[in-house]
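Just below sit the structures, each encoded as structure tokens.
Two complexes follow with chain A in common, the first pairing it with chain B and the second with chain C.
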Partner chain A sequence: MPEERWLRYGRTGTACLTLLLCALSFLWAPHDPHLVDLSVRLQAPGPEYWLGTDAMGRDVLSRVLHGGKTTLGIVLFSGALIVLIGTPLGLCLGYWQGRFGWIFESLLNACTAFPPIAYMLVFMGAWGSGLLPIVTVLVLSSSLRLLKLVKIRTEQEKAKAYVQCAAACGASRMRIMFWHIEPNVRKDSFIFLSLLCADMVLLITSFSFIGLGPGERIIDWGGIILEGSEVSMLRPDLMFYPIVLVLISTLAFNVMGDDERR
Partner chain B sequence: MRRGAYRWLSRYLYEAPLTLLFVTVLSFVLMRLSPISPAEAYARRNTPYPTAENIERVTREMGLDQPLIMQYVKWLVNALQLNFGQSLMNGNDAWAEFVQMVPATLQIVGMSVAIQITGVLVAGMLMYLFWETYRGWLFRTGAVLCLSVPVFYFASLYLELFAVRLEWITVAGGMRAGSYIHPAICLAIPVVAFYGRMLGSLLRKEMSEDYADYARCRGLSEARIVWRHAMPRAAIGITPSFLQNIGFTVAGAAIVERVFSIPGMGSGIIDSVLHRDSPMIHLFVLFLGAVFVLMNGLSDLSARVLGPRRVVKEAS
Partner chain C sequence: MLEIENMCVNGKDGEPLLKEITLRLTKGQAVGVTGRSGAGKSTLLKAIMGNLDSQCRMSGGKVVLHLREDQPPLRYDTMSAKRRRSMAGTTVGFIPQNAMRAFDFRLRIGTQLEETFRVKLAMDKTTAERLAEAVLLKVGLTDARRVLRSFPEELSGGMLQRVAIAMLLGLDPVYVLADEPTASLDRDNRAHVLRLLKERLDRSGILLVSHDAEAMRALCSFVIVLHDGEKVEQGTMAQLLHQPSHRWTRSFAERWRANHDPSWSLESLRKGDS
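Our next item is the complex of A and B:
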């Protein structure tokens, strides 16, 4: 049904647009998010400061928009790296099954036995919190999971007739892997990746909230929520704005995954 | 069947220790690669301005000057005798500290799993019953919304609402078992949302199968068909994934315990991460690894035991 397809494209497009908007809106932030002005502490929303000011007199709207740059920036950057690492390696490991395939399989099973949150705890325990550990953890743990998925799917696809037909036509192994098999694996990895991204947003925010954030001078949603929770008796809404954006962006990732699944 | 079971068991028995080895090696290597050495962090905490000699002495005391492989082997041998060294935070025995934290977390996780099972059954049934109506749409949207909010926010909202505004519960100094129900509820919310939705759609699929139609022809009531025939099949479908998810609940408890300030293992992990307490971190990593290995094994086992039987195929 063409209408349904257009509806789906519309929903996915809206989701993409929302994410980009959340990530790039810092460009038109009205104030400097770091500017401390103690004379305007905890002001209610008004014409000058649209969402009011926080305990240090900084503009909440600008901070929330800059927080989106950090949080979604990490997620989108890691997502891109995960695809670039996970897909080709998964295809190769799935397609070339040599004598030592079982070593890779055992190692892969050992690595993917743990969810990203466990990797996060290990890495942060060793390296402390910061932008680099967060990106490293997310890329490492998630790309291994994507790798496993692509590998299993490739093994399934490899047994199908079209692969043998392509091989009989003289297609090289690289051509079979990246031209014939890859498009059939793409849908599943896209669904998986969008759910991974939704999880990553929640993970980054949660860790930042408990004090393991990307860094001192770097604003992110979890950090804003943490600051908001300290003054929640006076301004309960401060916690609310970043949470809404977290909700919207996670929802957008979930919608993208759900739509592709149909 | 028997042969396959043996193969599965032997595979599990060799992959489980491998996984644990992998995760402990990982935590050791990461510690070594860390830009800030644990010795320096330790010296810094005990003396305000540590000299190079101080740091060197601490390094030697902690055995960090030896090659990594020696450190690891030594740790492994000690660990097999339940000697995990001393916590760098307070100098207590790491294992004793750890054992002290376990009951709180186990209670929270246990309660949470009980709530999760009840909640998933109820939510799945509700979603199935109202799937076509606007209420079903509301339920499904609500489920996606619940999945999109970080758990710590549920916990904060819960505290704000019940402890601060309504003053129904007290959390400060809440060491009694009864107070663990609150973090358990918060931990269960996303799980119930996720698996409830899944169960609802599985029930819908089961109820449109042929056997459900035959059962209707036999004159069985709709409720009986759902509970006796469709529900077990749908439940089997989500059991392996649900069991695996219990491991996630243990890891997720770290953040919720923090919000409720419960002195459980989760808070312990975060504290040791914040303080670079390497013996405690190694111990927690090993424990988390064991939990995940156990839960993955149970999940595999349940899939094998409960899953679709391929008796016909294997007999032929």
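Our next item is the complex of A and C:
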């Protein structure tokens, strides 16, 4: 029934809508976020610049909106890659349990023992800061974690009667993995992924804040917070706006997995 | 004929789960396999189907299929997995013990039946749908349309067991491996399922793993008793109940005598009233 559906998926829907707004609202940015005009620097919020201007005279509102595009763009792109890499590999490793399964298990455990920052240090050290190292780090560290989750769930589902019966009817292994098992582990993957995305928002923002951001020309929330911190004596509210959006996005991602489903 | 010759199965630590089991199954005949829980009955079925748990291994013996007079016998255990999968369901069928768990709870019954028929029998969607409806009617589920639209959790255990048999009827295998099909059913559903199996005997040979003495008495011409993976006794069900020799069979016979319900008999099954 349609009303039940709305109630059941209401939270996810609202969260998705919020995230979409954060990511796409740069299209309605009133000013060019890169436009430097030193004659209007550090103005207080007013009719023309709704959140005021920063130290270089750029419109804060437009910058914050464009920041959403970058941060959430990185998160969503990385998230997609993580799913594409982690899910099939997890299904295969979970379903095929050969005698050498323990080798993969040990490798997996060793690699997931490193926190993302360790990967960050390695790749940043080699490639410097920028979009590519950030995405690589996020995708590598997190897809192994998703792989582990999918692998364990696949092992659990594999022992269940419906998989045995499908095999007894002669279903091929691919069919069992992708048509039967994958949809049944999707819920857990989704919850994991939503929490992961929340973490990624914070991670990207934090790294930008310490100067390891996507780059000079690319605007993102962490960078805006960093710039705001430099003029915090004159305009303490500049840091506030991007932080609020970071909080909203993180909250949205956290809430996304909350719905009760069948 | 489906022939199992000296089958030996070892578990994950090398301990023997089945020792030298020999069995013959022909069309028109039902063979019963009984024994204590853990005696190896389900392992036997899994080994025949090639579905053993990853750490168990068939360490000896053969499973041979003699399908037609003019064709050489096939080694079902050593054939490639792909070939065995193509024969699974259509040559060697399976009836699960707990039908409530045997279906993918996420998909409608109709989808599961139609997909299976479409893929296994190389049918197009419409033919598969018609076959699904036809077999549901055959097992006595008169509201076939509603059953096809339902999810597994919306149907009772008895209905689901009948759906499992319906799927089997659609695939029409020559050999049927039934894993305690009456274990989780009430009396009426049990009678229905047994009647369907008896009708099936015209076209198939049935290997019935069960604890249900009445079911085996009604269906099986021959029953073997497994204990700790070994065949310890065999005979007709009547012989096993009245002249048991192994201690498990003796306690089984005693329990049967104690619970025996005289109104439930072979005659009432034959006459077809539930």
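One rule holds in what follows: the second predicted complex is superposed on the first by the 252 of 262 C-alpha atoms of A that agree within 3 Å, B and C clash if a C-alpha of one lies under 4 Å from a C-alpha of the other, contacts with A are read in each partner's own complex, and residues count from 1 in each chain.
Please note the rule applied: contacts are C-beta pairs under 8 Å (C-beta built on N, C-alpha and C of every residue); 3 or more make two chains touch, one makes a residue touch a chain.
Predicted model only: the values in this text are computed from it and were never measured.
Novice: After superposition on the shared chain, which partner residues are touched by A:A168: those of chain B (first), chain C (second), both, or neither?
Specialist: Second partner only, chain C.
Novice: Can A:V36 be said to touch chain B (first), chain C (second), both, or neither?
Specialist: The answer is neither, since A:V36 touches no partner chain.
Novice: Going by the contact rule set out at the top, does A:A44 touch chain B (first), chain C (second), both, or neither?
Specialist: Neither: A:A44 stays clear of chain B and chain C.
Novice: Touch check for A:L121: first (chain B), second (chain C), both, or neither?
Specialist: first
Novice: Spot which of chain B and chain C makes contact with more residues of chain A, would you?
Specialist: B
Novice: Figure out whether A:N254 sits in contact with chain B (first) or chain C (second), or with both, or with neither.
Specialist: Only chain B is touched by A:N254; chain C is not.
Novice: Regarding the shared-chain residue A:V246, is it in contact with chain B (first), chain C (second), both, or neither?
Specialist: A:V246: touches chain B, not chain C.
Novice: Under the contact rule defined above, give the chain A residues that sit at the interface with chain B and also at the interface with chain C.
Specialist: none
Novice: So in the complex, which bits of chain B are touching chain A?
Specialist: Touching chain A from chain B are residues 14-15, 18-19, 22-23, 26-27, 30-31, 33-36, 144-145, 147-153, 156, 160, 164, 247-248, 251-252, 254-255, 258-259, 269-270, 272-274, 276, 278, 281, 284-285, 288-289, 292-293, 296.
Novice: Residue numbers of chain A touching chain C in their complex, please.
Specialist: 97-98, 160-162, 164-172, 175, 180, 183-184, 262
Novice: For chain C, which residues count as touching chain A in their complex?
Specialist: 49, 51, 54, 82, 84-90, 94, 96, 98, 101-106, 116, 119-120, 164, 167, 171
Novice: Under the touch definition given earlier, write down the residues of chain A that touch chain B in their complex.
Specialist: Checking each residue of chain A against chain B gives 106-107, 109-111, 113-115, 117-118, 121-128, 198, 202, 205-207, 209-212, 225, 229, 232-233, 236, 239, 243, 246-247, 250-251, 254-255, 258.
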